[in-house]
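In what follows, chain A forms one complex with chain B and a second complex with chain C.
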Partner chain A sequence: MDQQRKHTILMVSDFFYPNFGGVESHIYYLSQCLLKLGHKVVVMTHSYGKRTGVRYVTNGLKVYYVPWRAFLMQNTLPTFYLTLPIIRTILIRERISIVHGHQAFSTLCHEALMHARTMGYKVVFTDHSLYGFADVGSIHMNKVLQFTLADISQAICVSHTSKENTVLRSGITPDRVFVVPNAVDTAMFTPSTCRLSCDEIVIVVISRLVYRKGADLLVEVIPEVCHLFSNVRFIVGGDGPKRVRLEEMREKHSLQDRVEMLGAVPHARVRSVLISGHIFLNSSLTEAFCIAILEAASCGLLTVSTRVGGVPEVLPDDMVVLSEPDPGDMVHAIRKAIVMLPSIDPYAMHQRMKKLYSWHDVAKRTEIVYDRALQSSDENLLRRLPRYLKCGSWAGKMFCLVMIVNFLLWCLLDLWQPVESIEEVPDLVFIRNEHEDVVHDSI
Partner chain B sequence: MEPSKWKKVAYGGMQPGYNDNYTDESFLEEMVMNANVVKRGMPKVMLDSVSITQYVCIVSLVVSVWAHTLSLHIDEISLLKLDIALLALGFSVLLLTARQLSIQLLSHYLLNISFFISGLYVLAPIYYTLTRSISSDSIVALTVSLLIIHLFLHDYSGSTIRPPGALKNPNLASNISLNASIVASVLVASRLPSRLHVFTIMLFSLQVFLFAPLITFCIKKYSNKVHLFFSFALMSMALSVVYQLHSMLFTLLLGLLFFISVVCPYWLIRIQEYKFEINGSWDEAKLCFDITE
Partner chain C sequence: MSEAPIFHSKYSYHHDGKAQQLDIHEILVKRSRLGIFLSYFMVVVFLGTNVYFVTTKVFCILILTFFEVNIRSIWSILVCFLLAKFLHYNPVKKERVVIMPAFGVQLETHYWSGRIVRLFVPISKILSSMLNECVTPVTCYWSLALLLRDEGELMLVFQLIRFVQKLQPPLKMLVPVWKALRAAINCEETSIT
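Moving on, here comes the complex of A and B:
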């Protein structure tokens, strides 16, 4: 078998370090594992405060913090054509072969994919969230997604439920969508070295305290559980608009010594909060894929979660107790989990998680998607335009117009700043590792 | 060896024998289409549109009274008599259609009405000189646009002033429409020659705009047949009054009523076929309890 081709990948999204979240950690870990497999990865995102320009993070991952400010909810202002020059320069400088965009909510991702497609590069898109169909925001978002996915090489979704949702929203054929789930860094989330005693059961909740994450369900469930089980204690980490309701609930039922509110927990301290508990409670009302559950399972906690979205697919049945998003049912599930607790071995659970989820596996599967994307044929503008016409009777024609103008602007840029005048970046080779090897050899 | 069955799970890496883009037969099995859609029939929709045509006729009656007053065909004493007659009619409808007659409710209403009337009488001199420096054309244009906003945003199924037994709270759009109608009344009132004129026309306009929805809501709640009879009587009255005013406005009103009663229901039923409501496991869960803040 001849050697696998090495790709040069550009990851584009509005969401990256120094922010912490599902999409951010996905991009970071995937890039690191792809670097280990021998590919070259470059990340492009907007500037965060004073952090602009080119930075290098671990293992030589190059990040372009393009000098655009975040405009609304971490997103840059959609300008359609103003991002074309900078994206073209990055694509030519770094000799990119594939552009990989993340998250449907990110305007930078959609613009980058549009420009990459105009310039003839292969594009891949990963969708990380579930969206509805009925409200005004979702309808517009789905139309934008339909535009981006009309002419894409391949798409990736993080769970099977997410695949169904994406296929319905965008009208893409199902066999172009690959299901490659997220994973968890099991080396960072290890169970605690000493087993916790089962006299007092600690239930941990770490989430943003917003409506979407089910903070209202928590307000109903916590007093009920504290009333039914006298040896149960809660630790609630995270902040948000619903924190006030939780504090009120605490005051009303006098649970100050049984419910501990930690406030916002920085990402580095999440593990230490998790290992102080026996059970992890997740009450979200909608999740495409819940990484928090994986982190908890990797630390050896038994999970109790609501059966929404992609959550039933994430863990095997003996590591999670599912319930309907209803307070009575959740209390019942917590009771079941408390009964199951003595038979849970955190260390065994952690070892099992190492086999079930691994970022290296995710990187290999993503590599297969890239290989498939590169096999698709090159097409010129005229062959691609009919795909946009299918998006709708008015929208289709408008999208075609947008792509034609983009193409013309690209030709103009080609004349004004020819490809030869853009300097290509040489490959950076780290000699630090070799030096260490030399030191080892000499000993 | 028999290949293992494909499972809808995300753990365990790539499932042996299946690619990541494998689409199983159970794909989209749990999707539910058009679960909450109500099938509508033409006669029912036409009958329901009577609420809208009834209110349009009420507004056209108010506008014709304004036109007659501005051209000084009606003097202030007859307007005052009209106001008192309308008040008495409104109260009698309320009393007749109320399920339980309570003296407390009645005295509550009477107290509010007397406060309202005295307040209006005290404020009338202010309205009298409000728009003296503005030309009549601007006033007419502004009044017409405000009335159009009022008709568009009006809450035809309920009443902005909450009657006892109303289901939902007034929302932003119905409040905006009420304000638009009040401002239109003030603009028209400020064009009149004497303070008593201003007081009586303001009282008339506000009585209709604030309390007519309440009265029609009570009638509708009481009996559907009385509601239909009342609406047809109003429509014929409005059409005859407008006919005497101006023949072009009459044809306009007739066309509008036909459009609302016949064309719009037919159109609605035609485009209902395109309704495609999708529900599935990806939907955000709905909380089954109310959040009390």
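Moving on, here comes the complex of A and C:
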């Protein structure tokens, strides 16, 4: 096997810059580190307002903002077959070898993986979230995931809990699922230069104020902690439908001077908010991984978090205090954290985080997954169809029909617009000199 | 100096660099006779079936329905003719870019009907030329554009024709034109400084 083999990867997701979030930053950092390793990476997403067409971001990362409108929660309208021409064009002109889809909630990702498999490309899928099994939305999402993962080359999950969740939801065999955790940009999240005094303890909360992130728990916990500890202050950053409840709680218990509400905090300002505190509080009810606590630990904060999902796998025991998602238990955990606080050294914590988590390590591990994916054999349609039949008695047959129609449409498209008529894009080489960035091309 | 012509299924590129210090680049469009024949044949077939329905009066039980069928036929004939025109009929014979060093660039469009449309851009007005990748919901293609001083929009070198048919020559034909335009603009800048 060629150890130095370089790949051309197409990252597909509905979620990318200019949106900010876990999936978006994962794709961005992973792509940058893969570029440094010598691979070629192209990102495909839908257009954001007037931002359509081809854009180049840092280090020559090419992004296709395909002009398909988002229809619900930043997802492209699911059209099944209408995205086939543009995806085929991009795969051929960029000489893609692997297609890497992100996030089960992204319709563009599912469609791209379906078309890529029809055309014989190797595909990898990364699941970033945990989903339930019982409600109607989850049942449908899981069926779609079953369809996509029925014929995947390899899958990646961000924690072992997430792997278990994905395997149960989709029925994929566990030996095809790799666990590659997220990481944090430790260069951006550094502790404060001056150490904060422990006379007044500041607890920081930064999250979307929604049910899933445990905003209701905060409403119970904050007044209790303020009552028990007179020297504790809270800083709450973030916005969402539950903000009203927190404001009401402040009014009811007269905590205006002890609870500061910042509203939505832009990603660039998160570090400055974090370094103003001693303890980071995460009250999520479900989390596949939780990059937020990594960022807090990188800034030297002691974390108090609910023991849900993949959170126990993220930080060592001396950097995090875990509790059940129950107000009483959380107050107890905050008390324990306040006692532990004098023994915490933010710089030592930051140095440990630098060694534990790095996007370069994530990229190297993902490279191994790509190498494994490319080793799987090429199979024609007839050999792949039985995998879809296992998805269910009715669903299996429908999925087979969908793939057969997709295959026929692809053959038709091949006749209408042959592969030879699609020009390949010349490689751009970015050369930096002292004063300016200069692009030289191989034309 | 002239380069060897480049051929493609739809377009062919010719370059003449010797003509009196002018640098002339031409892209010729091949006319697809089979395409035009098929499209009009389709129209004739559709027309024929409509006439058949009208004469056999399959739908005409009431007078109202008779009128409806007639209007429907006329409408469908019109639609078919327009579709045939849009799909296959390309009125452009060739596009020409004439680069006059230190003076300007002339963009010419020659039609099959004999009409020629010329557009002259003085060299002082051009900031740069660029190759753009354009993305549509179904495809990607390259286009050559000029960045002009004091203008909000890019000027496309190979233009939109009647807002429907657009020349989309391959990249290997656009590159020599782009290089020649850049050389002419850079010469002008160095001569000013």
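Heads up, the rule we're going with is that the second predicted complex is superposed on the first by the 429 of 443 C-alpha atoms of A that agree within 3 Å, B and C clash if a C-alpha of one lies under 4 Å from a C-alpha of the other, contacts with A are read in each partner's own complex, and residues count from 1 in each chain.
What we mean here is this: contacts are C-beta pairs under 8 Å (C-beta built on N, C-alpha and C of every residue); 3 or more make two chains touch, one makes a residue touch a chain.
Everything numeric here is computed off the predicted structure, so don't read it as measured data.
Overlaying the two complexes via chain A leaves chain B and chain C side by side, clear of any clash. Residue contacts after overlaying the shared chain place A:116 against neither chain B nor chain C.
Judged by the touch definition given at the top, the superposed model places A:27 against neither chain B nor chain C. For chain A, the partner touching the most residues, choosing from chain B and chain C, is B. Of the two partner chains, neither chain B nor chain C is touched by A:363. When both complexes are overlaid on chain A, the residue A:54 reaches chain C alone and has no touch with chain B. Of note, the Cα-centre angle with chain A at its vertex and chain B and chain C at its ends comes out at 100 degrees, rounded to the nearest 10. When the shared chain is aligned, chain B comes close enough to touch A:286, but chain C does not. Of the two partner chains, chain B is the only one that A:325 touches; chain C does not reach it.
The superposed three-chain arrangement places the nearest Cα atoms of chain B and chain C 28 Å from each other. Common to the chain B-facing and chain C-facing surfaces of chain A is no residue whatsoever. Chain A contributes residues 130, 132-134, 154, 158-165, 167-168, 174-181, 212, 214, 216-217, 220, 245, 285-286, 288-289, 306, 308-310, 313-316, 325-327, 355-358, 361, 365, 368-369 to its touches with chain B in the complex. For chain A in complex with chain C, the touching residues are 52-54, 64-68, 82, 85-86, 89-90, 93, 421, 423, 425-426, 443.
On the side of chain C, the complex with chain A involves touching residues 9, 133-140, 142, 170-172, 175. Touching chain A in their complex are the following residues of chain B: 8-14, 19-21, 23, 27-28, 31, 277-278, 280-285, 287-289, 291, 293.
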